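Multiple structures are listed underneath, in structure tokens.
In what follows, chain A forms one complex with chain B and a second complex with chain C.
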Partner chain A sequence: MESVGYYILGVIVTIIVAFMVGMTYMGLSRKITARVQNRKGPPFYQNFIDAFKLASKETAIHHGFMHHAGPAFLMVASIMSVLIIPVLNDGKWFPNLNFDGDLIFLLYIMVFGPLGMALGAGQTGNPNSAIGVTRGLSQMVGFEIPWVMALVALMMQYQTTSLVDLMAVQQTTGWLMFSSPFAFLAAVLAMLGMFRYSPFDIVGAPTELASGPVSENGGKYLFTMMSSGSIFAFAKLTLYVDLFMGGADNLIELLIKTFTIYLIPMLYGMVSPRYRTEQAIRYFWGWPLFFGFLALVHAMVF
Partner chain B sequence: METILTIFIIFIAGATGTYFLGKLSGILRSVIFITTLLVTSWLFFTAVSPDVIIEFEIMGILMSWGLTPLAYVFAIIVFGLAIIIGIYAIKAMEGQRSLNFFFANFLLSVMAMFGILISNDLISFFIFWEIMSWSSYFMVVLNHKDVQRSGITYIIFCVIGAYAMMMAIMIIYSYSGSVMIGDFISNFHAFSLGMKWLLPILLLIGFASKAALMPLHVWAPGAYSNSPMSYTALFSGALSKMGVYGMVIVMIMIVQQIPDGYWIKEVIAWLGGITSAIGTLWAIKQDDAKRMLAYSSVAQLGYIIVGVAIGTPLAMMSGLFLAVMHGIFKSTLFMVVGAIERQTGTSNFTEVTGLIRKMPWTFLAALMSIIALAGIPPLGGFIGKWMLYESLMGSNHYLLIIVIFFSSTAAFLYCYKFLFGFFLGQEEKEWSHVKEAPAMMVVPMIIMAILTFVLGVFPGLILKPINDGMQFLGYVSTDNRFWEMSTIFNDWGNQVVMEPIVYTIFAIFLFFLIFLTLKGYKNTRYVTTKDISSSGEIPREDENLTFITGFMQPFFRAVAPVMKRQIDKYYTSFGKGLEALFDFTRRIYTGNGQTYALYFVIFVILLLMFRDSLF
Partner chain C sequence: MINDKNSQKIADFIKNWARKHSIWVLAYGTGCGAIEIPPTMTSRYDAERLGVRGAATPRQADVLLITGYLTTKTLKRVIRVYEQMQDPKYVIGFGSCTINGGMYYDSYNTIKVLDKYLPVDVYINGCMPRPEAVLAGFGKLQQLIAEGKANGAQKYKDDHEYYRGNLRKIIGNKYEMPLYNW
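Right, the complex of A and B next:
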């Protein structure tokens, strides 16, 4: 029973860290965007205030069971990803599920949430939600291809599908972003779509779709979605650090590395207008796909 | 008497009884039908063991029947599906016409599939193959709709496959003098090099036409969508697997023996990959659920064929596992469509919406099967997909894996379209009278949905017979090397442990579900789907804002270049060319005696002119 207790403790601590970091990053991104646009902007802890406000709302409406359970599906995906992805190097963190799932499993569990969420959004009957979902899924087909190419290149080059092994490899070879540069490029370009900042924010385009899939949600539902989003953001950033930047030995190092990675989609988004869905898909099937091919060739030759 | 023979006699008696006694009363027909299926399945699961072989002679040809361990895996699919779909069919087919014929034919199909699996000689294999083709053809044209297009297309591809297979059988017999499959495999090295290439290709054409491998897949959408859904569940779930069964034997036992046979494997694997990609794209485009699922079947069989063709232990395991899983979730989906069609009268996404609150159990079955189809953990489809990817990586198929990834990611689009189109969206008054399907239809669907889950958590349950079958094919046992009851490993020793993962998923889901439900329980209320905030406007009662027409339009704008080419067009122009040729022949055979006399005169003159050089 002790191991089960330890496991649950690990899960809870990991979730809390992921939640805090994700929320702070999102707040920081709002602040930085505002400064770039020469506004004052909200304080960096604004997202915590928003989340607290949503959580303390008493009334809520729903359109049926799937809508009611949609945020729970979303949470499953976020928390499972954060449990599969090792937070620190060499088992300096709780092992969670690091050894029970591999990269392919991770790829699939990561889409579990969006699909569950899409079902919830579908039941609301709001046309904007469904339109947003179709755009989101189409865009996902777009960025998933270069992303998978990058991962396949890494996995085949180092003959392992385990994240822990890939992190161990980097202890000897150095960061994979230098030894497999093309895979890194493809993965980073795919990341732009994964984070859904501009120019790939057509899914929830605020002025056009009234936030898309999120519309019709409020109070506790929106709170759960928001928390899930920040946990998921942390999971994705940690994944990039683990895969390409040699992981991290302590939390401070992790924070520095993840924030550096986080700046890429954020800063790219600030100077970009919004793409239509087919433009977004074609974007991912252009240069990112080319770098993906180079990565595969690189993996084949070396 | 041998159990196998008993099963056959029961099937034939059952089919005859269903047909003739069914004319007396409908209840009698159902009773005979379901008893036949129950007794045969019970006999199969309890009394048939894989090592009994019976031999007898008919008209001087030695026939040999017995169940190999490989066939046992497929027989599990056939009998498991037949009994569940059979129960479903009784209620689902209520009120349709030609019921006696339908149920007798259903039994004949199951019997033919069992016959294929137990045949150890090519003659009985071919006979059962033909019975299967014909019984399924009659089902395709059962409702007298679209006979010209779907029916004829289907039977043409059946015949192409059958001719190819028959040619191969004749060659084998004339060269080696034996029609035993075992003799053929052990004597294969003695054939000439040309025959070594020709025979597997002919056999593969025969099997691939049933498994709907590109470019022989043209019949599938029409045939699957045109038969009654109660049969399509069996058609796509079990019948198409007979093609896979044949391909497994050819790929492993025969192609292995060809020098440079490696290339056949690569070509078939790539065809499988392209089939899955093209099938998926076309599935997304369909507005009719039957056609969508038909294209999806084509795509899913593509994955299975990739696994079978690659042929490493992990790949073969994934192919066979996916075959079982596809049988389960695709037949459930076809049953769901059948239930919806029965309750609403249509299977078109653009017509019917918002059924989730009216048919909740059907929705649950559909949801589970769709999750399994999409390959999302923790349901069974994931295990198969995972093994397929790992095997592709372990065997250095760098590009094929990307194709497979593309098609399985794109599959999310039609998965969502299926669920959204039928169950979600705005509820309409037009469908407010719809009730849940009868229990006899819902229970089989739910059982299948639970099966997808059980096999997802404990894949070892079905990997055990698969392992036995693979050992029969000559593989080393994969037990504890690639799988345990709840764990799967890849070529490099990395693992996915399902049990803790599943428990964690459930814990998280339940925790947040309880949180969402209990928090502010009294102040949470349900509102209808008309009560929405759509740009500040509230739709009126008669307005329907569901977005379903042109559902994935932006995606198709992106992939438009791929969709332009269609294999059907090439077949049509080939057919037109043939027609022109026959027209020309028709001008020679005018039917006029005088013309024939003229031909004769010309022939004699020619003979006289060339007599020196000819004789």
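Right, the complex of A and C next:
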């Protein structure tokens, strides 16, 4: 069971499952958006067609080394985070590489991809990319603070920095969503910024910035970013389910729980127009930060 | 096995099928025709159900949609944009102005026939074409892509001297352009 071959096979299967699920969720979000706007909308597998087309396009763009490395950084960060987050309870089916202290490691690795992408976008020399990077980093300063506060509150309350321990705690005490509600609120509000759907789509705003940091990347680069985005979306959703909703015992349960979480940023985005940068930061430093403080107080008192 | 003719045929079929169902459009909207694009994309006609979607930059786009007349001043920019797009790429000429000049047939600073400067794959006639006509144009382009006949980009590379010569006739040598913008 514990052989190296088992781990390698498990890693490949995990990545493929994450890719398929993430892509399908994004396609479903396009379909649901269309239905909300009273359109027919593309089929739910439209994103797979787009990805295949992008991968089969020829790509002759050269702006320097970091420009080529940027999408690779994104992909590396997504794959590392999906490998550390346990997919199912008790390490069933999907082996993962988690260890004590992986929550702290996750905090770092989740911003590694955007930072690498920022370096790559900087080298393209496109002014839209530079503005997009500035906006993205500002927004990250906004939502990372309530997100870190929520995680620190959990770590303090349960005296552990391991995801697996937190999942084990929930087997006995019930979902952390109910036993530490303020941390959950802060984390969910921070997630709105993490997913970058409207109203927080200030980074890639297509009508304003010509898709921002991505603007000089086409074809295979865009394919890499698209697939890494879908893998990362799956990783984040699974992380929320693991942290606050007691994990999942099988894939069906996991899909139901992750899709429920995914509906929050998606539906919130459908009814909200885009914020300006300072409005977005002010949003995150308002109620999410307040709930973060409450979560810390809650963790210290109880 | 891999380089054999039949397997290449199968690969082309799959690729063309994906290209056909995922068309990302860069709308160059200086002319009056750009006003017909929003209704084509939004709820009433919903081009997204056919896989037609807007792209923000030339690097990401498959189709360059020239909506209406082009002045000699914007022609240079359009050609730079077209050359920055990645293969395979297609051009749609939108409205009468791109076919024979339309109502600008005797204007001194607009170009009359777009096909002399860019390899046009599909023309959409009308002044203005209604969204139904635009969708029909996209349908025609999809048909051409599926049959593998939408090879304007290859024509542009082969006859590069011809297209650039026509450009030089209009702008003269005052405006230096690189040989090809990657």
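Of note:
Keep in mind that, in the parts below, the second predicted complex is superposed on the first by the 297 of 302 C-alpha atoms of A that agree within 3 Å, B and C clash if a C-alpha of one lies under 4 Å from a C-alpha of the other, contacts with A are read in each partner's own complex, and residues count from 1 in each chain.
By definition in this document, contacts are C-beta pairs under 8 Å (C-beta built on N, C-alpha and C of every residue); 3 or more make two chains touch, one makes a residue touch a chain.
Note that this is a predicted model, so its numbers are computed, not measured.
Within the superposed three-chain model, A:115 lies in touch with chain B and out of touch with chain C [touch as defined at top].
Of the two partner chains placed around the shared chain by superposition, chain C is the only one that A:42 touches, whereas chain B remains out of contact.
By the touch criterion defined above, A:217 reaches chain C but does not reach chain B.
In the superposed model, A:171 lies in contact with neither chain B nor chain C. Taking chain A as the reference chain, the count of touched residues is higher for B when chain B and chain C are set side by side.
In the superposition on chain A, A:250 makes contact with neither chain B nor chain C. When the two structures are aligned on the shared chain, A:260 is found in touch with neither chain B nor chain C. In the superposition on chain A, contact is made by A:34 with chain C only, not with chain B.
Contact with both chain B and chain C is seen for A:59 once the two complexes are overlaid on the shared chain. Contacts of A:133 after superposition: chain B is touched, whereas chain C is not reached. In the superposition on the C-alpha atoms of chain A, the part of chain A touched by chain B in one complex and by chain C in the other spans residues 57-62, 128, 210, 215-216, 219.
On chain A, the positions that touch chain C within their shared complex are 30, 34, 37-42, 46, 49-50, 52-53, 56-62, 128, 206-207, 210-211, 214-219, 222. Within the complex formed with chain A, the residues of chain B that make contact are 354, 356-357, 360, 367, 371, 374-377, 382, 385-386, 389-390, 393, 396, 398-399, 401-402, 405-406, 409-410, 412-413, 415-416, 419-420, 424-427, 490, 492, 494-497, 500-501, 504-505, 508-509, 512-513, 515-517, 519-520, 523-535, 545-548, 551-552, 554-555, 557-559. Residue ranges of chain A in contact with chain B, taken from their complex: 11, 57-66, 68-69, 71-73, 75-76, 79-80, 83, 97, 99-102, 104-105, 108-109, 111-112, 115, 118-119, 122-128, 130-131, 133-135, 137-138, 140-142, 144-145, 148-149, 152, 155-156, 159-162, 165, 210, 215-216, 219-221, 224, 276-278, 281-282, 285, 292, 296, 299-300.
Of all residues in chain C, only 15, 18-19, 21-22, 42-43, 46, 48-49, 51, 54, 56-62, 85-88, 182 touch chain A in the complex they form.
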